[in-house]
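Labels run A, B and C following the written order; every chain starts at residue 1.
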Amino acid sequence: MPRFLRNLPDPALRLVIVAAVVIGTVVVVYRALPASFRDPDRNIQATIEREAGKPIRYAGATMCATCHEEQAAKKQAGYHRDISCETCHGPGEAHVESPGDVKPPAPRDRRFCPACHAFDPSRPMGFPQINPVTHNPMKACIECHNAHDPKPPTVPGECAACHAEIERTKSLSPHALLTCTTCHEVPEQHKITPRTVDASKPRGREFCGQCHSVESKVTGPPKVDLAEHQVKYVCWQCHYPHMPEVQR
Amino acid sequence: MNRRRFLQQLASWLVSLGGVGAIAGRQSATASVPEHPETKRFGMAIDVDKCIGCARCMEACKTENAVPPEPFFFRTWVERYVIKEDGEAVVSSLGAPTGQHMEVAEEKDRLRSFFVPKLCNQCEHPPCVQVCPVRATFKTPEGVVLVDSTRCIGCRYCIQACPYGARYLHPETKTADKCTFCYQRVTKELLPACVEVCPTQARIFGDTSTPASPLERVRRMNKIHVLKAHLNTDPKVIYANLDGEVR
Amino acid sequence: MMAETVERLSEVAKQVTGYVYPNDVEVQWSILIVLYPYLTGLVAGAFILASLVKVFNVKAVEPTYRLALLTALAFLLVAPIPLQAHLGHPERAFWIFLAPNPTSAMAMFGFVYAWYLMVVLLLEIWFVYRKDMVLYARQTRAPLRWVYKVLSLFSRDVSEPALQFDKKMVKGITIIGIPSAFLLHGYVGFIFGSVKANPWWSSVLMPIVFLFSAIVSGIALVLLLYMIITPTRGEKIDMPCLDTMASYLFYAVIVDFSLECLDFVHRLYESEESIKILSALVFNKLIVSLLVMQVLLGMIVPFLIMVIIKLWNIDEELRKLLYFVSAILIQVGIFSTRWNVVIGGQMFSKSFRGLTAYKMELGGIEGLFVAVAFLVLPFVVLWVLTKLLPPWGKPEEATAPAAS
């Protein structure tokens, strides 16, 4: 090796020395760093621990029942059984840690419940919705609905209580003056536990034909010869019954 | 030894160093904390048909994780889609000053309408982890992608690389931030805050390493989608009943 | 600090159109990140011009050889500064070297940059100037004398064999340097081109387009510098040199333009899902910066000018004017190209349904004034370098630079 260096031209030799010094410095500094610095995974373990140790603000659904058994039991039987206490009462961990000092708020204002229950066209079908402006405007929601068992004081008479989107759509359509029960048979149980019992839907073209067939005696609705018109399909494939515009 | 032999040896050393470095690097690119047999695998399912767009999840997330309250920084958010009769999709975001507002279309025009919660998809092949120059972001053994805010240099490459818009630069710490599945909660057998407060169980969270997890039924009974599947990020957040218009 | 951010974003939010993911309102990479590929592009281009002399024996551009090297060095020294300034935590930047992520193009690029700076550029300049530095050391007084002694690593050998060795090394380093320069700027293209989340960036062509636009801008810059500096020194512009540089510039422009056309045609033809939002991006946000500045002024007009010069006999004075104008337009065009890539790529949301806006401040670390300062700084560094290591004249003839 030394002979090779001696044979190098002078400039190259100087560069080799400089390079050796630079690389040597880098190596020495690198090794001088604490071993933990050089470990690529050191920060991973530290971060995992740091993240796992961050403060918790929501206590979790099961915590509240340990002290508030009565409310929990009441909620368990009603429509709000699947909602966490903290969904309405806000973060509760501080209260769990010092129950005497910190009290989560209990929403009483009329403006709170519409966050979920105000009519919104994008809400899924069958979700109970009201128009906050017209629905008992002078009363607080909790006057008629106990938040832990929010059964309405009376069984809803109107289908619109849960099927608001359909009601609104239908009200702008030629079927506006038809009641829901014209086409749907609604067992009483459906209004109490909607998901256990369904309302019926019409079967077959003849149902619509009661009004819309050329043989029908009903005056007013557009008529069609059911024997000829799109025989392969049922009516509602093309005509949405709640807004039965003729296809463009 | 002459110059040629010296150079040859040097070259072979460099090549093997490079090769070793590349292989070692590849293996430690993702989590290198050793996996235990009892390590959990966290996942979330979102049933789009159940979301009522109440935004409780957005509030809870900001409260639980001290996310800045301004509407430009979200670990999770909810989108509203209204698909009109002519097929056009109108999209907006709850609580954010972007997109069109609530009453977007008349009843006659509305064909389909629904809410879609969004969050970090905790990808199995996260592009954000791939591009971070200092390994500040990484995947834990449970599959959660975390950010080391003491290592992050704030270069924002991960934010560019995320296809889902799930990341943001925290305006105070100047480091990248995102949903962590509420890591401080799920490691204590609690649910993420957004799942905790969802009133309709639109968000379902579970440990998929066990055969009986809360995700079982969702995965069995529904057609399951993931967002931007063509990018092969392999998200651990799956969507049931996702409409084709959702990006 | 946060209040300013929020205020800025509230302003930006008013200009959002369509649907943008909430986190996508903020444009993450600012003008400082536009500067970076522009500056490193000039480095690569200037170096390629220099390599024409040493590797491809294009003797005509020899007068610009040393100038091109110094230009490359000046820009290479300044380029990382805007990157550092942009970081949320610049004090932690050393982690890129200490614990780099091997899958991250950004991390690996730090090493490519260091390699290019130290093993290619500094080494080549050292060998090119070693004899001059030795001679200057003899001719000057302290303290400048010590500067030259240190720079030359205290070498004193200017014998013929040593000078021959210098020449051989220069050629060898340039040969390594060409792919290194390609790697330097191609890598920047890869940093963008490998982001699958962003359809404006994600492309196989990105590194190639970046490289060729770098070559175009680098050659144009050296041409400009040569045209400006030479008369101020009282020398006559070497027309064959200028014409040859312009020729190579012309060839580079042809390739660059073809690549951009290819990208454009390919996108339109395949018409993937992102075409709608990208068209909206171009026609709503990038009309001036892309259609006018990048394509028309930055590419088509210089191209036509050079075609005219090639086809017709233009007299010397007019030619010089046309070269000057073309080179300026090209700088504007390539800067716009970088802008359109970096800023353009962030002005549409990953939702593919909306556009946001980039609000560039005047003050502040990421504002216009700082950006202009970073554009001016390399020229200041270049001035210092030309004073220390004059790229022209022979040291044994002229007097060495006075101690300053």
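By definition in this document, a contact is a pair of C-beta atoms (placed from the backbone, for glycine too) under 8 Å apart; a residue touches a chain by one contact, two chains touch by 3 or more.
Please read all numbers here as calculations on a predicted model, not as lab measurements.
Chemist: So which chain is farthest from subunit A, going by the mean of the CA atoms in each chain?
Modeler: Centroid comparison gives C as the farthest chain from subunit A.
Chemist: Grab the C-alpha centre of each chain and report whichever is closest to the global C-alpha centre.
Modeler: Smallest offset from the overall C-alpha mean is found for B.
Chemist: Report which interface contains more C-beta contacts, comparing A-C against B-C.
Modeler: B-C
Chemist: I'd like to verify one number: the distance from the centre of subunit A to the centre of subunit B, where each centre is the average of its C-alpha atoms, in whole angstrom.
Modeler: Chain centres of subunit A and subunit B, defined by C-alpha means, are spaced 18 Å apart.
Chemist: Return the distance between the CA-based centres of subunit A and subunit C, expressed in whole Å.
Modeler: 50
Chemist: So what's the Cα centroid distance for subunit B and subunit C, whole Å?
Modeler: Their C-alpha centroids are separated by 36 Å.
Chemist: Multi-chain contacts in subunit C: which residues touch at least two other chains?
Modeler: Correct list: 99.
Chemist: Subunit B: which residues touch two or more other chains?
Modeler: 135-136, 151
Chemist: Where does subunit A touch two or more other chains at once, residue-wise?
Modeler: 40, 43
Chemist: Can you list the residues on subunit A that touch subunit B in the complex?
Modeler: 1, 4, 7, 40-41, 43-48, 50-58, 60-61, 80, 82-84, 86-87, 90-91, 115-116, 120-124, 127, 165, 168-169, 172, 243, 245
Chemist: Please output the residues of subunit C touching subunit B within their complex, sorted ascending.
Modeler: Per the touch definition, subunit C meets subunit B at residues 1-2, 5-6, 9-10, 13, 16, 18-26, 28-29, 86-90, 92-93, 95-96, 99-107, 110, 191, 194-198, 346, 349-354.
Chemist: Quick one: in the complex, what on subunit A touches subunit C?
Modeler: For this pair, the touching residues of subunit A are 9-12, 14-15, 17-18, 30, 33, 37-38, 40, 43.
Chemist: Sort out for me which residues of subunit B touch subunit A in the complex.
Modeler: The touching residues are 1-3, 6, 28, 31-33, 49-56, 60, 63-65, 80-82, 102, 107-108, 110, 113-115, 135-136, 138, 140, 146-148, 150-151, 180, 183-185, 187-188, 190-191, 193, 196-201.
Chemist: Which residues, counting only subunit C, touch subunit A once they are in their complex?
Modeler: Against subunit A, subunit C makes touches at 98-99, 123, 126-127, 130, 153-155, 157, 161-162, 165-166, 169.
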